[in-house]
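Below are two complexes that have chain A in common, paired first with chain B and then with chain C.
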Partner chain A sequence: MTMNNANLSIEQIDALQEIVNIAMGQAGDSLARVLDSFVRLSVPRIRLINAPQISQYIAEIVGDAEQITAMRQSFYNNFCGEALTLFSSEGCRDLAPLMGYQQPLDAETEKELLFDISNILVGACLNGIAEQLGADLNFSAPSIMAANVASSQLFSPDTLPWAYALQVEVNFSLEDHKFKSHLIIMLAEDAIIALGDSLNSFIEAI
Partner chain B sequence: MATPILVVDDSGMSRKLVIKSLPVNWDVEIHQACNGQEALALYREGKAHIIFLDLTMPIMDGFEVLEAIKREGLNAFVIVISADVQPKAQERVKELGAIAFLKKPIKAEEVLHVLKEHGLL
Partner chain C sequence: MNDLSPASTSLLDFLIDRINIGIFAVNRNMECTLWNCFMESHSGVAAASVLGKNLFQCFDELPHNILYHKINSVFILKNFAFTSWEQRPYLFKFRHHRPVTGPVEHMYQDCTFIPLKDEAGEVQQVCVTLVDVTDTAVYQKMMKEAMASLAEASNRDGLTGIYNRRFIEEILNKECQRVQRYGGTLSLAFIDLDHFKKINDTHGHLAGDNVLRASSTLLSESLRQSDFLGRYGGEEFVAILPATHIEGAHILAERLCRHMAGITVQYNDIDIPVTASIGIAEWQPTMVRYENLIKAADHALYQAKAEGRNCVRRGT
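Up next is the complex of A and B:
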C-alpha cells in the first residue's frame, strides 16, 4: 500500500507535534486534577502510518507481552476519525483507588472507570487540537474495543475502517503508580487531507 | 552589549514562536537549543543570561536543566514556557529557581510583563 494520496510534510508534522504537545498538556492537567496526582508527560511522537501496520506499532509502544484494554471513541465534524486509548490492564486496577473506587473492582466498575479516563484524555486532547486549528469536533460515547488482550490481538487488519492511523503517541504516566496510557488517532484519507490544509493555514499565520 | 538569551525547545516551530514573542528592538543575541543537554552546554559557555525553557524534551528535560543550573549557582534568569500546565509543574519549577511560568501557546504581552517585572528590559 502506498501513501501517495495522504501525506504530511515535515513542516506540517512539526506544527502538529507542537499543537499536540499543547493539547496533551491540557489533557494531562485535566487528568491530574481528577486524580489529584502529578502526571508525567512524554514528548509526543507523531507518525502517519498505514492502518494495517498499526498492530506492529502498538506492539512496539506497549510491548508484546503486556495485556491491554482499549477504548474507542469516534469524532466527527471538520475531521472524522476515531481515537483509541490503550491502557495496561494492571495499570487500570492501580488507578481505581485514586478515582475513589473500592478494590477489588467488578467488571462494571472497571468499565465505568475506563470510560471516565478515556473521556478526559480524548476530550481534552482532541478538543485542544481542534481549538488551535479553529476546527469543530463532536464526539460519540466511548466503547470498549477489547479488554485484557495481548497487543497483537487488538486489531485484525482487514476489519479496520480507516486507511491511515495518525499515530499520536501520547504517554501519560503517574509517579509512584503503574498507570500508563497511550492515545492513537485514526483518520480516514480525506480527514488527513483536511488536517493538512488546516496545518498549512496554521503555519502561514505564524 | 547585547544580552545573550537562550531559547530551549525540541520543536523548531515552538522556538520560532518564542523568538517572535520577544519585544521588538530588544538588544539580544539569540541562541537556541533543542534539548536540555545542549542548553546546559551553552549556559556554561555564558551564552544564557536569560533562558526561555520548555519542560517536556527528549534527552534531558526542563526540570533537569533547572536542577543543574541551581546546583551550579543559578547564574541565569529562567522563564519556563510549557504545555505542561499542571499546578504541580508550576510549583516545581518555581522551587527550582525559575522566575516565571508561562503557558503555551506563548503570548508576547506575557513575556513583556515578566521581563519588565524582573527589570530585564
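Up next is the complex of A and C:
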C-alpha cells in the first residue's frame, strides 16, 4: 500500500500500537468498573486504508452480521477524527440494566442507550490514547450514522472527502452477555500528520 | 487556563455565571459545586440553596439511575457524556422562553458532561452544560408536520380528495403480495361513470367536476372501513376490497351501482342523473402480479359497458 506523504514510519506505527494496547487494557478495566462486568477486548488492529476499499474493510470487521447499526462521534483538539461504533442488530438491550435503564425500552430510549454505550466505549479508548500522548481531546455528542443497514451500505466511497485514513479497530464483548460491538477510530489524511507529530514527541521522550 | 490574571479570572467567573447556557458541577458525592445564573433563574432555586447539597435530593424530578450512571462514567472513564433532546427532551423540567408563541410545554435541552481533572489527571468534579434547544425542537416538529402533510397530499387526488392512481396502485401491489404470501381473499372493483363525456359536453366541465366529487363521496360512504377507494383516471374509480371473495364483491358492487343510480347531482339548478358501470375480479394466485388483477377487473368493466351500462360484470 503506498500512502506517500501521510504515511507513518514503522517506528511510529510500533509506538502507536504500544500506546493503543495500553489504552485498550485500561479501557477494559474502566469499562468493567462502569458496567460491573468483565469486558473482553480483541488485540487492537492498526492499518492504513484506502477510501475505495472501505466497504470491504467494514465487511471484514463485522463478519457475517447481516445488518448493523452504526454510531459516530467526533473528537478534536490535538488531533481530530471520528470514532465509529458498530453494533449488530440485537444484543444491546441486555446492557440496559447495567447503564441504569429500566426495561422495557421504547424506541427513543433504546437509541439513547446505544448513544450511551458507544460514548463510553469511544471515551474510554480515546482518552487512554490521548493521555499517553499528552493530548487532551474534546468530544462532540454521538449521532446515528445508520440503523439496520447492510455493512456495504454504511459508506459510499465516492463521496468520502479523503483518499486514505488510519484505522484503529478493536472488538468488545461482555462476559455473560450477548452484547458485541466493534470500535473503529478513524483519522483522515492531515490528521494522520498531526498524530505523527504527537508520536514523534512521544518517541523522543522515551 | 493556568496563568490567568485576577482581571481575567473575574471575567471568566462573570461569563460562566451570566452566559445564556446552564452550567453546574458536582463532586464525587454528587454535591453541587457550581450553579450559574441560568440554572438559578430557570429552576427558581438559588445557588446558595444547592451548593454543597446532593443534586438528586434537591431535584427529585431528575432521572436518577440514568443520570447517576452517566456522571459516574465520567468520573471513572474521564470521558465526555451527553444527553440529546431527541431522545430525552429535558433533564430539568424548566419552562421555555416562548410563553407567548411556544407550542411546547417545557424547555428542550442538550446536555454535555465534562470531566474536570485535578493536576494529577484525576476527575474530581463533573461539569454539566445545559443548552436550550427549544427553537430547534419546535422547527423540527414543524418540519415533520409539513413533511407528513406533503406526503399525505402527494397520495391524494386534487379534485376529489380520495387516493390518486399512484397511491392506490401502491396499496393494491401490497395487498396482492400479502394474499400471495399469506393466503386469504382480495377483490377489486373498477367503477366507471356512464356517459360522462356527455355531461361535460352538455353542462360544462364544472358540472362534470361536481359529478366526480359527488360520486367519490357517495362511493366512499358506501364502502366499508377496510376498503380503499381511489381515482384511477378521468371518470374511473377503483375500489380495493381486502378479505372479500367474488360473491361478496358482487353484492357490494350491486349496492354501489344502486346507490349511484339513486342520486342526481345538482348544478346551477339542473339535476344531473348519474349511473355507473362496474367490473369486478377476484385475486387468483396464478395472477402473480397486481397488474393482472387490474386487467381482469378492467375487462369485466368493458363487458358491463358493452352489455348496457349501469350494471355489474365479473371478470376472471
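In this text, the second predicted complex is superposed on the first by the 188 of 206 C-alpha atoms of A that agree within 3 Å, B and C clash if a C-alpha of one lies under 4 Å from a C-alpha of the other, contacts with A are read in each partner's own complex, and residues count from 1 in each chain.
Assume contacts are C-beta pairs under 8 Å (C-beta built on N, C-alpha and C of every residue); 3 or more make two chains touch, one makes a residue touch a chain.
From a predicted model like this one, the values you see are computed outputs, not experimental measurements.
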Clash or fit (per the criteria above) of chain B with chain C on chain A: fit
Chain B versus chain C as contact partner of A:28, first or second or both or neither: first
Touched partner set for A:132, first chain B, second chain C, both or neither: first
First (chain B), second (chain C), both or neither touched by A:100: second
Touching partner for A:171 - first (chain B), second (chain C), both, neither: neither
Which of chain B and chain C A:18 touches, first, second, both or neither: first
Chain B versus chain C as contact partner of A:74, first or second or both or neither: neither
Vertex chain A; arms to chain B and chain C (CA centroids, nearest 10 degrees): 150
Partner chain(s) touched by A:38 [first = chain B, second = chain C, both, neither]: first
Which partner reaches more residues of chain A (counting touched residues only), chain B or chain C: C
Closest approach of chain C to chain B (Cα atoms, Å): 12
Of chain B, residues touching chain A in the complex: 10-14, 16-17, 20, 56-58, 82-89, 104-105
Sites on chain A touched by chain B in the complex: 14-15, 17-18, 21-26, 28-29, 32, 38-39, 41-43, 132, 203, 206
Chain A - residues contacting chain C, complex: 27, 30-31, 33-34, 99-102, 108-109, 111-112, 115-116, 119-120, 122-124, 126-127, 131, 138-139, 141-142
Residue ranges of chain C in contact with chain A within the complex: 65-70, 72-73, 76-84, 86-88, 110, 112, 121
